[in-house]
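Per-chain residue numbering starts at 1, and chain names A, B, C and D are given in the order in which the chains are listed.
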Amino acid sequence: MNIDPYNAVVRAYFDCPEHMGDIGGGAVAFFEDQGMRIRLSAKVVDGKIKKLGFRAWGCPHVIAAAEAFCRQFEGRSVAELEEFKTSQIMGDLAVPVEKTGRILVLEDTVRSLRAAIQDRITNQAQD
Amino acid sequence: MNIDPYNAVVRAYFDCPEHMGDIGGGAVAFFEDQGMRIRLSAKVVDGKIKKLGFRAWGCPHVIAAAEAFCRQFEGRSVAELEEFKTSQIMGDLAVPVEKTGRILVLEDTVRSLRAAIQDRITNQAQD
Amino acid sequence: MPGSSDFVYMDYAATTPLNSLVAERMRTVQNSACFNPASNHIAGRQSAKVVMQAATELGLLLNVSPDSILWTSGATESNNLAILGAARQRAHRGKHLITMRTEHKAVIDVFRALEKQGFEVSWLAPKPDGQLPVERLISTLRDDTQLVSIMHINNETGVIQDIAALGAACKERDVLFHVDGAQAAGKIPVDLAALPVDLYSLTAHKFYGPKGVGALFVANGTPLEPLMFGGGQQQRMRPGTLPVDLIAGLGVAAAVATTSIADDLAKLTGLKGRLLQGIQDIEGLQVNGPAKGGYPGILNVGVDDVDGESLLLAMEPLCVATGSACNSRSQEPSSVLRALGRTDRQAQSAIRFSLGRPTTAADIEMAISSYRHAVRKLRALAPERPA
Amino acid sequence: MPGSSDFVYMDYAATTPLNSLVAERMRTVQNSACFNPASNHIAGRQSAKVVMQAATELGLLLNVSPDSILWTSGATESNNLAILGAARQRAHRGKHLITMRTEHKAVIDVFRALEKQGFEVSWLAPKPDGQLPVERLISTLRDDTQLVSIMHINNETGVIQDIAALGAACKERDVLFHVDGAQAAGKIPVDLAALPVDLYSLTAHKFYGPKGVGALFVANGTPLEPLMFGGGQQQRMRPGTLPVDLIAGLGVAAAVATTSIADDLAKLTGLKGRLLQGIQDIEGLQVNGPAKGGYPGILNVGVDDVDGESLLLAMEPLCVATGSACNSRSQEPSSVLRALGRTDRQAQSAIRFSLGRPTTAADIEMAISSYRHAVRKLRALAPERPA
């Protein structure tokens, strides 16, 4: 019997999702799958992620995972986004295996965010 | 659920079987059936049952039934023995139906006692 | 109520705390007469008396003879014994069975098991308010129908079925009628002398009795194949040492219910009214279940664009249920709400508030603000779909 | 002990009173954490923790993982689930089953039911002392044998079977081995990590835990067909709301047993010795069961020329059992004693004294004089057969 389905990290992130919101004018990615919806937005300056924001529709693990992603990558370089894997978040949040699919929606959204950032950089370069 | 299998009469007769014993020199009847054994003995004077005694091997209802018989017929006439039926004792002792067969052993023993008394009277008349 | 310092409990349809008279009686029995009632000695007979008294008390609640009551471990067992027992016992006569899609798992899964064993089951759908029209039953009855099982009060929505009419339809065709009364017994008046019901399941812990004990009412010795075999207890229908103290507790819970059902219902009606009033202006709120009528201890609501699991967490420390209370940890959307025509997403947002005898007006106000806050929070979190 | 003013209780093999720590823990749980452990809210999780703790406590008693424990309503259900469940699950592999003639009704009647359903059962006879020689089992095992069920301690005679040897014989042939441990768990050391046992049944009320709860140890997820269907509780093997307080009580009873079995056995050995010594000079006295060894909480004796039912009444207010305690009201001579070679009449005179933790030396003296008096009285009543 799995007594508490949410560990302390999930509870903290769910209670206070500090990165909830949209970063105006930044790169935006949206993904919907398995009944989950995630939107990520980022402000990038000189190859560095200055700010990350998220919105999410889903279970507490999905919401906490999005918040965890934002906390992890704010301040890091865009290049580092390549390294993003859900495995660490799955571990930190003790996500039950049957929810793996849902957390992978976050991976898809992050990939899509990377592409959006790349797009903007390319576009800006073309400006 | 039949809570107490023994009513107050059964308990009283089983606890104090006043007629337990053998009446020396009287008419005697013994019957064995269904794993029950009953012996009745009687002292008869002038067609009247002066004394009755019993011994019994069996469940509490059988023992109490034998005692009940003795109490009922002591002091009555031999002729009245003809009237003996277990039905009244079955009722007085609230004997469960599944024990009917056992109580009928008493009926058989009483019949045999009547015969024994008759025998003795005939024999005595012939003396 | 117990534990109230840590949380506010509003899941009385899942289980209820012990009534204090029930707890007291159980303690008395444990200290004096908790032996084997099948034993032929003084201690056993004292225990047998306790069991008989409980049967009398339950008999009064349901208006049936104490002899028609079988003790079980709960409604799950009662349902299994009634349904498997009747179906197997009558299998040679015919293999058609009827039940509803909105039944509890402890009925649905039994019929599923019977389907695998060669029985044919008709799964009736209710109207969107949860009610089963008697005509749907009548038109489904066949010559080879052996058993109909319909629940009295639905555990998720509180809808109350018309047991009198449904039972009458069964009687006309000489079909056995089983009712899962787990949510009704001790909570609304149930007169089994007046209702055409052959088998009626109940469980003590839904009406302030102990967990681990239930009963099955069996009319006129309706023959059933036992689920279990063993000692001669309970006419071989359900062997095992009787849990005398639990049975005594069930009896007292029944006795308390007999005198308090009317007051309970009046109070719950008021509380449910206030709860609904306090949240009904929330945009997109849907009431799952009957708009009017229904059991006042249950209010099931959904809202658009909110995930039920997150809603539950956001409402802590309020204890309510999503989906079926009996298995709230499964993430599947409630099959009951799906059968009422809700989409998966709507069903997934459903929250069941269930109120009980200890529920206070303050609990209701707390629930209202907690629900409003949680919906607001989750909606704020949710992304719009991109245009 | 409870109720001692009215009677002297010496029927601990039938059922035991609650240990005071057990009662206390149950009360605490009832007042704080007696909700539905399957519910995903604070109250539910508090209850789930209680259940896990109990599983840990029972796991320690039996030296098994808490995950291998299924909660049931008692040993009758555990036996039924194990035997019906394993036989039905493995029916396609073969239909031969083995058990003993001296099993409890909750095993015998299950195998009888399986015989009616097309299984073939070999009914092994013990030696006159009640022991089953392992060779008898080995020579009965066949290629199509699926399940062997042998009880650990016999409830009527106290004989202890050699579970290690019997289990090893089963393992060699890859046959499932079920043990009815209702009279052993909590009463003698049982190390299921060391014993080659697949399924082990127990019930709390035989070792000072509550009635209405038991357990089935299931090794390595041995597949079983469930007896009942319903919610997803307990991996679908046994649905129904868990009786959290009863389970907690079972846990504490297990914890108490873990520390007190050695003392219990030492004390019982002394008391049983004195009891036997006090009656063994009665003419025609037979000890039913092993002359030496065996569980010291049980002494079963018969005498010639005395009816068991009358003996029981003559000994009131001493509470002892005739025949099988689980169904003492039936008048049939014990099939267990018949299997040990006793005649009907001998079996019918059998009395089982069963001693427990609360039994005192004074109780034993009372039992001795009560038995002597009753035998004397009934022998005086019995007629000689005419010459």
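FYI, contacts are C-beta pairs under 8 Å (C-beta built on N, C-alpha and C of every residue); 3 or more make two chains touch, one makes a residue touch a chain.
Predicted model only: the values in this text are computed from it and were never measured.
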item: Most distant chain from chain B, judged by the mean position of its C-alpha atoms; value: A
item: Computed distance of Cα centres, chain D from chain C, in Å; value: 33
item: Cα-centroid distance, chain B relative to chain C, in whole angstrom; value: 58
item: Distance from the mean Cα position of chain B to that of chain A, given in whole angstrom; value: 96
item: Chain centre separation (chain A, chain D; CA means) in Å; value: 58
item: Multi-chain contact sites of chain D, meaning residues that touch two or more partners; value: 40, 309, 329
item: Residues within chain A bordering two or more other chains; value: 5
item: Touching pairs among all chains present in the structure; value: A-C, A-D, B-C, B-D, C-D
item: Sites on chain A touched by chain C in the complex; value: 2, 5-6, 11, 14, 17, 20, 28, 30, 32, 35, 37-39, 55-60, 63, 98
item: Residues of chain C that touch chain B when the two form their complex; value: 37, 40, 45, 48-49, 51-52
item: List of chain C residues in touch with chain D within their complex; value: 2-3, 6-7, 9, 11, 14-15, 17-18, 23, 27, 30-36, 38-44, 46, 73-77, 79-80, 104-106, 109-110, 112-113, 203, 205, 210-213, 227-233, 239-246, 309, 312, 316-322, 324-330
item: Chain B - residues contacting chain C, complex; value: 1, 3-5
item: Chain A contact footprint on chain C (complex, rising order); value: 305, 307, 309-310, 313-314, 329, 331, 344-345, 348, 378, 380-383, 385-386
